[in-house]
């Protein structure tokens, strides 16, 4: 940078004018950088640090409070799902794999069920598919609520966390009633669902929608309406669309950059082509946009849920499976839109009782790999704003 | 009776005990209030079990617990500085309580420059913070401490300028005289408007001096763990906590004295009870801010101090001076 | 703290001291995995363990009295857990929250998961479940508080490891 | 483009160098390791294909045949997927890195290198990503057995799959 900014004008270098027309300020800053350069400090953030909401470590080289480089060190939550899946029955994988992104279990197990069904050529009953959609969208809201709470918390506002969990508990009650679980629901099965909806579950779900809508409005005024929040997030951590694509970053990060890429829209699965919804996008790709997109996605999910209520037909929710599940040899790929972004499963089968290879392409892994790009040159305080806005779950990074 | 009380050797211990009592009781009340107020703002209940009735003894339990904790001094720490830091931070705050007028003729230590002594004392805490930050031999502590130092020094200026405007208005830097000149709800008449602005300047600066949200960058738990407190355990940590809450009380008391008519009140005779109510009300605002705002970044923080508050407070002095002359 | 752990204190003082420790459990959440979400749920409105004096304001291990290990412990993470535990000042208590930190849970045959946090640090209370419900954590906390209320620190240090409490057993 | 059209388009460019296969609407082209980089560049830069979105890169143990490396990319403008597959020998298998084509490949290649033992030529920093430094072996290879499974029987009533 310094090379092309030659001082022009008087020989003594009194009047500074950069070659590209930038003002004196830049040059003074550069001189200050050169002359007042301080020793770099390496700071080890994590693996257990409040900022990383989980166990992620970031090696940061600091110049004062400015980050010179940041290198995420991952693997602290590597639980070897991919190896364990090779040792488990196709039906057992569901209970194992729904734990990688631990706040969106239905969305995870849905993908697993779909990839096995695709490989075996199983048609899922219509009712089961609609119910899967309903549950997947509620899970998406549960996941997003988690981040609606945790992101302001990282920026120092404590209260949204408590409000978000109040809402989560209400939805949790519905999920618990339907599936019997609170976090790892294990509701999807290969070929359908574990059980039908209990009577009245749809009514409860109907009641929840308008209440949630009100609460989302409350969040918008509480969080987006807060000038400090805006000052901390606007223009910070900008991820342009082409860089996001090149990293394979998806979900809120990609949509905030203005790319309306959502597997539910571009490559619809289940019955997402039969419901109306929009893909919210941002303009600048900064932290503020990512958070706005997050709220927007919640609103769209509510829209989908409302339409699903009217569409669930009567009928069976599961098909009869053979005693031993043995998909034919070959490979299958399923792409779904998990709450955090694009979640794909790639399965190679050798016509055995267990899969030969089970690759999980998790959204957080690719999203977090953008950290070195995003953090370079930001302030240490902005590191938190940036890391929090790339919504990730540590288990989803490390698998 | 009055003869006895006027005897220095009787009066002095009474004053000391009274000030110490205030110092020990009020921070606990404010700490408990923080628990409860925040909880109710967040759809929770807060402590309910300790002390049977709504967890009233929560902070006492905390105190008893801290006494028993092992006190760890990190091996790499600068031992002497590390142990002294809590005291350096705490003692000035205790002394501040001695200068506050609690009622008519009820100022433990009356001084012609009481206002500036209290302000000077409350800024000594910075040294304690820096000592803690440096001696901990921890990078997070160091970053937190440097942030704290930069912030405390930046906000010292608007704080003192706003207080100076009050001193100009009152024509005295004696806190008791300043209170005497106010009505129960603060500065009356034509002095009201500029000094209301002064109150907001002072309040913002005081909030920053206390490193309370939204100015809690030095202690930002999501960035620097616990700032300069990261390495402190047990009683020493408790002293820092006490400093924080005592700081809230003392700053509220000074603000109430300077701007809100101190111990003056209505219906009942003037006295400490009015000051207590005002202190608690101001503490409530401090807590309210904590449960509402995210924290500012340090450069934004500096901008607020130097670009907004300092010019406003300079203008304030000018206006007050002008009104005084006219 | 020198005196407390060497001398058997007289009953009234012991009572007050135990009462203080019982109701002031500053908790350091070692949020590792899924269970951390249930831990947060326990700290928020519906379940709210702050009622019991479990204060989640300890941002670092130095201020903490109670360590809740919630989630899967991997071999890569284990040294960090050990270190943070060592950084906590005595008297300290540990709750192992969830099957993974109890014994490895569903990852018992994994190549990268430590089979239980008790392999590296002593545990006071085990809360089973995958993940346990918030109520289970509350139960564990109350059980721990009962033990603290009647314990003697001298004995605690002298005996080393105590018989652990298992919730629901 | 749908998978069949893509297959024809790629075949027109590379001819016999690639072995296309379409399963469930997904095109997979298997190439020699020498052609891997060339095909990847084409998939990235060709205007008709222009797969700009990096999906994943992973290994698959093919036992005697070696280790297959699967690169999966997607186009956000055309909405199609392409999977490029190349089999390298078990010992000393090397592929050229594609991290300069898709920045996301950086971590995926590191992961594949540590889990399968495939090296990536031209990668700037092929260090361990997920596992601790002292870990030995490549756990996702089939010969890597789970110790816990050898020592302890499956705790359920039936073995998986029965």
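Read from first to last, the chains carry the letters A, B, C and D; within each, the first residue is number 1.
FYI, contacts are C-beta pairs under 8 Å (C-beta built on N, C-alpha and C of every residue); 3 or more make two chains touch, one makes a residue touch a chain.
As the structure is a computational prediction, the values presented were derived from the model and not from experiment.
S.K.: Name the chain pair with more contacting C-beta pairs, choosing from A-D and A-B.
M.R.: A-D
S.K.: Roughly how far is subunit A from subunit D, going centre to centre by Cα mean, in whole Å?
M.R.: 23
S.K.: Just curious, how far off is subunit D from subunit C if you go by their C-alpha centres, in Å?
M.R.: 43
S.K.: What is the distance, in whole Å, between the centres of subunit B and subunit D, each centre taken as the mean of its C-alpha atoms?
M.R.: Centre-to-centre distance between subunit B and subunit D: 61 Å.
S.K.: Scan subunit A for residues touching two or more other chains and write them down.
M.R.: 50, 75, 78, 80, 83, 87, 162, 166 - these are the residues of subunit A that touch more than one other chain.
S.K.: Could you pull out the residues of subunit C that touch at least 2 other chains?
M.R.: In subunit C, the residues touching two or more other chains are 44-45, 59, 76, 109-112.
S.K.: Using the touch rule from the top of the page, what residues of subunit D touch 2 or more other chains?
M.R.: 130-132, 139, 144, 146, 149
S.K.: Which chain pairs here would you call touching?
M.R.: A-B, A-C, A-D, B-C, C-D
S.K.: Quick one: which bits of subunit A touch subunit C in the complex? Just the residue numbers, please.
M.R.: Contacts found on subunit A: 47-48, 50, 53-55, 75-80, 83-84, 87, 95-96, 99, 102-103, 146, 161-162, 165-166, 168-169, 172, 182-184, 394-395.
S.K.: For subunit D, which residues count as touching subunit C in their complex?
M.R.: Checking each residue of subunit D against subunit C gives 130-132, 135, 139, 144, 146-149, 152, 155.
S.K.: Which residues of subunit B touch subunit C once you look at their complex with the stated criterion?
M.R.: Touch list, subunit B to subunit C: 35, 39, 42-50, 55, 57-58, 60-72, 221, 225-226, 229-234, 237.
S.K.: Along subunit C, where are the residues that touch subunit B in the complex?
M.R.: Going by the criterion above, the answer is residues 1, 4, 16-17, 19-24, 26, 44-45, 48, 50-53, 55, 59-60, 62-63, 65, 87, 89-91, 153.
S.K.: Give the list of subunit A residues in touch with subunit D in this complex.
M.R.: 74-75, 78, 80, 82-83, 87-90, 92, 118, 242-243, 245-249, 259, 261, 266-267, 324-325, 330-333, 335, 342, 344, 346, 348, 352-354, 356-357, 359, 361, 365-366, 369-370, 373, 398
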